[in-house]
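Input: structures, listed below.
Paired with chain B in one complex and with chain C in the other, chain A is shared by the two complexes that follow.
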Partner chain A sequence: MEKLTYEFQGGTFSRPKNEAKLVGVVGSGNLEVLIEPADLQGRCVVEVLTAARGFGAIWQAVIADFFARYPLADARVSINDVGATPAVVSLRLDQAAEDFLGDAQ
Partner chain B sequence: MRDWSQQQRNRQARLDRAAAHTSGKVVAAQDIGALLEAVIEPGDRVCLEGNNQKQADFLAKALAALDPARAHDLHMVQSVLALPEHIDVFERGVASKLDFSFSGPQAGRLAKLVSANRIAVGAIHTYLELFGRYFIDLTPRVSLVCAQAADRDGNLFTGPNTEDTPVIVEATAFKSGIVIAQVNEIVDKLPRVDIPGGWVDFVVQSPKPHYIEPLFTRDPAQISEIQVLMAMMAIKGIYAPYEVQSLNHGIGFDTAAIELILPTYADSLGLKGKICGNWALNPHPALIPAIEAGFVESVHSFGSELGMEAYIRARPDVFFTGPDGSMRSNRAMCQAAGHYACDMFIGSTLQVDLYGNSSTATLGRIAGFGGAPNMGSDARGRRHASTAWLKAGREAREGRMAKGRIMPRGQKLVVQMVETFREHMAPAFVEKLDAWELAETANMDLPPVMIYGEDVTHILTEEGIANLLLCRNDEEREQAIRGVAGYTPVGLARDKRLVENLRDRGVIQRPEDLGVDKRLATRDLLAARSMKDLVRASGGLYDPPKRFRNW
Partner chain C sequence: MSSYYEASARERLQNLLDPGSFQEFLPPSARAQSPHLLQLETPAAFDDGVIVGTATLGGAKVLAAAQEGGFMGGAVGEVHGAKIVGLLERALDERPAAVLLLVESGGVRLHEANAGLIAVSEIMRAVLALRSAGVPVFVLDGGQFGCFGGMGIVARLCDAVIISEEGRLGLSGPEVIETTCGVEEFDSRDRALVWRTVGGKHRYLLGEAKEIVADDIAAFRAAALALLDAKPDLSLDALAAEHEALGRRIERFGSAADATDIWRAMGLENPEKIPVLEADDFRAATAGRRL
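On to the complex of A and B.
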């Protein structure tokens, strides 16, 4: 397993309510995404636990693009990856963020 | 004086030699080897019927078992190399030359024999191209075909899987060749005559019914959420704006996903009656929910699909059926229809390069093309107009010349649908297709490209749709492709500013630009989520092959 952490500042979307969102199921080629509100002085922290080593550069790009689409503030994003493709990661992240923000967006 | 009837006389000599082994047109199964030895001459061009579905498997076995001292140097012309015997004939020295179209299951063995100089490949064709050559410069001397049933006069009933039989028999019978048909049964009265007995020389009842591969069955349970997302993008981004009414779908889960969200997503967008009315398509089980929902007006097929017989019989308004109720397919007719009468082809691929050339060639395998290049190319001879065809043509021409100086014409929509990464993180977008290296190692004249970039109008990935019709130069085209290539090396090397500019112009459209709600991209959107759902949607008429029965 490899653990990767990314931090972003300057996000504007946040959700005050204390509720986490879990999207997706663990399975081959799949992953879990959890987004929860957290007091992070406005930062968004993304933690990736992945079964596939050596894809750091792609994760960096995938997460950065996600933050560009959904600039979250005071949010902790946890990803548990079992070899999902970037397509699956992006879709799950977007679905989780849409759910997380709900009508607050 | 020149003898103008040598072929006819040669035919008669073959028939005379055969007479000892036959009773009228009927040949006993155990005499098939003797018959083939009697009618086949060294160096003959022999057409062996075999497609990716129906196989003249008994005759293939008999041919491969011939004594190479008597039958040798045959030139095989055939649609598909699917069975081991199709390669055995070369390994055993019965045949030495090959012209074909597709070799999916035998692609690896074929590549090995080609590199060992055991097979001389004339060319790899599309189906329609190969059929065309049967009437020009590849006319068979002997054809070995396959039918459901025959009567004693040689009339053939091909049933739902007529496929290639008419075109092969016509080319052979009317040029003084010999036609031998294997059939599952010999009966007194056929349900209908698909091939007239006058065109058939011999019929042999095979000990076992011929093999048929259920090639077009896709279990909805295996469709992924990314495929649902891409299907939503296809419908909202291409089917709806172009009002695509006549079309062909390639084989695979990507297009099965589209078929399965017609009754849900497309219906919710108010598209019923506006898109997907007329199809050149095999009877895909995945199309059942859309047919039942009233989306589909007509389906003409290349071949049939196992398990769909009763359903087709019960829907003669949709499918082409005979007076006996069973379907009539015809690969040559349907290929022509798909090429000339369809507004769109959409299908999956394995590799796309920076010019949009699309290829399924991989190293160590000579797989060929099948029908995709005919479906997936602009029909330059088309002259009838439709909304989709005119809009595509307009987009390709707008702004290129001063108004009034451009000759208006339409263009076919050719959509390549591909996830940016395939299995094992193999990128679908590449700087150079594997086809180049394959051409070198297999000594081909050209890299085997399935669909040339100049024919591809749209590339659809999970990241977006690139509309290549709107690109005005090679640089734009390359950036449009990079702009939907995701996190592949080709995608990561994009010029971000140019890509954003293309997005502003609508050349690239992201799901959010199309108004596709990603939260709906789940398997819940599929009108059938399992094989059992398909059976249920058919009112119990669809009878899936055993291997797909997982309940």
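On to the complex of A and C.
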């Protein structure tokens, strides 16, 4: 198991009053993503707990791409992963962001 | 039509209960996670694989729990079990119209061994306390992992089981039986055999499931709604009659080698065709014949 943390500055999607949203399931090849509003001085913090060690560089790339699509601010993204592929991770992140932001993106 | 089998535990709750009425206790953001799994270097789910909360069903207040089979096969760990026990004990205080258990579980989570076993025994005790206080507990069983082990016992302690053909109910699961008794005794990869033996139709015919529905969340909802007004008979006479019926059942069918033998002995026509019938046709074909 490995714990990875990424931080992003300069996000513009701030939703301090939105409800936390969870998507996905902690099962083989799958992951759960929880997005919550958090007072982080404008930052977006992504915390990953993954069963597979040694994939930090790939996580960094996938999450940086996600932040480019959804520049969240004052948000905590927490992930529990059981070896999901990068494509599945991207889809789950997008699904969670869409749920969290709601229609008023 | 929205498949119960394919849905996640959260989707089931959302579509089964009155729209927008569900309020979760200990939501994922509360991070009530298993401490054991993290010690074992295994990722743990934020809700420990079970969602508990309050809602309305047809306007009536209910409490509900839904196990997520996708996380460790819905197995009961310490926190997971405590959430269900807490919900049942809350029902004792709040007296809702019913408690719904959307069970999908292989039983005790082996990583947490004794803590999981104790949790299951606490669930059993809480179910019985609640029933004796007059609050009915209903089980909905139609998920991918079925309802086995400790949760299989829990299900049969409840007032009624609503099952789909896809649902399975038992004590030891097919793989456990094969591992302990050998493939000659039970071939867990023979899906037709598995469903004939532990599947929804057989459980319904044996009287262990009160209702059988199509694999549709709306059908589960309608069946749960219909049960809300039922008043269970908890008298000693009813219990004695149940025991007698179980005794007759083992006498009549104890030597049967296969579920089809039992169906034939029950007087069902074309027992070999039973597995291919849709829920409605199946109910019609077996009307008045089940135990």
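The definition used in the following text is that the second predicted complex is superposed on the first by the 103 of 105 C-alpha atoms of A that agree within 3 Å, B and C clash if a C-alpha of one lies under 4 Å from a C-alpha of the other, contacts with A are read in each partner's own complex, and residues count from 1 in each chain.
Here is the rule we go by: a contact is a pair of C-beta atoms (placed from the backbone, for glycine too) under 8 Å apart; a residue touches a chain by one contact, two chains touch by 3 or more.
Bear in mind the structure is a predicted one, so any value in this text is a computation, not a measurement.
Student: Here chain A is shared; do chain B and chain C fit on it together or clash?
Tutor: fit
Student: Looking at A:D81 after the superposition, I want to know if it touches chain B, chain C, both of them or none. Which is it: first, second, both, neither?
Tutor: second
Student: Just chain B (first), just chain C (second), both, or neither: which does A:D94 touch?
Tutor: After superposing on A, A:D94 lies in contact with chain B but is clear of chain C.
Student: Where does A:L49 make contact in the superposed view: on chain B (first), on chain C (second), on both, or on neither?
Tutor: Second partner only.
Student: Examine A:A64 and indicate which partner it touches, taking first as chain B and second as chain C; both and neither are also allowed.
Tutor: Touch partners of A:A64: none, neither chain B nor chain C.
Student: Could you tell me the angle at the CA centre of chain A between the CA centres of chain B and chain C, given to the nearest 10 degrees?
Tutor: Angle at the centre of chain A: 70 degrees.
Student: Which value, in Å, gives the least CA distance between chain B and chain C in the superposed three-chain arrangement?
Tutor: Comparing every C-alpha of chain B with every C-alpha of chain C, the smallest gap is 5 Å.
Student: Which residues of chain C touch chain A in their complex?
Tutor: Contacts found on chain C: 8, 10, 27-29, 41-47, 49, 68, 70-72.
Student: Can you tell me which positions in chain A touch chain C when the two form their complex?
Tutor: So the residues of chain A touching chain C come out as 1, 20, 22, 25-27, 30, 32, 34, 36, 49-51, 78, 80-82.
Student: Can you list the chain A residues touching chain B in their complex?
Tutor: 52, 55, 57-58, 61-62, 69, 85-88, 90-91, 94-95, 98-99
Student: Report the residues of chain B in contact with chain A in the complex, numbered from low to high.
Tutor: It comes out as residues 224-226, 229, 419-421, 425, 461-463, 486-487, 492, 512, 518-519, 521.
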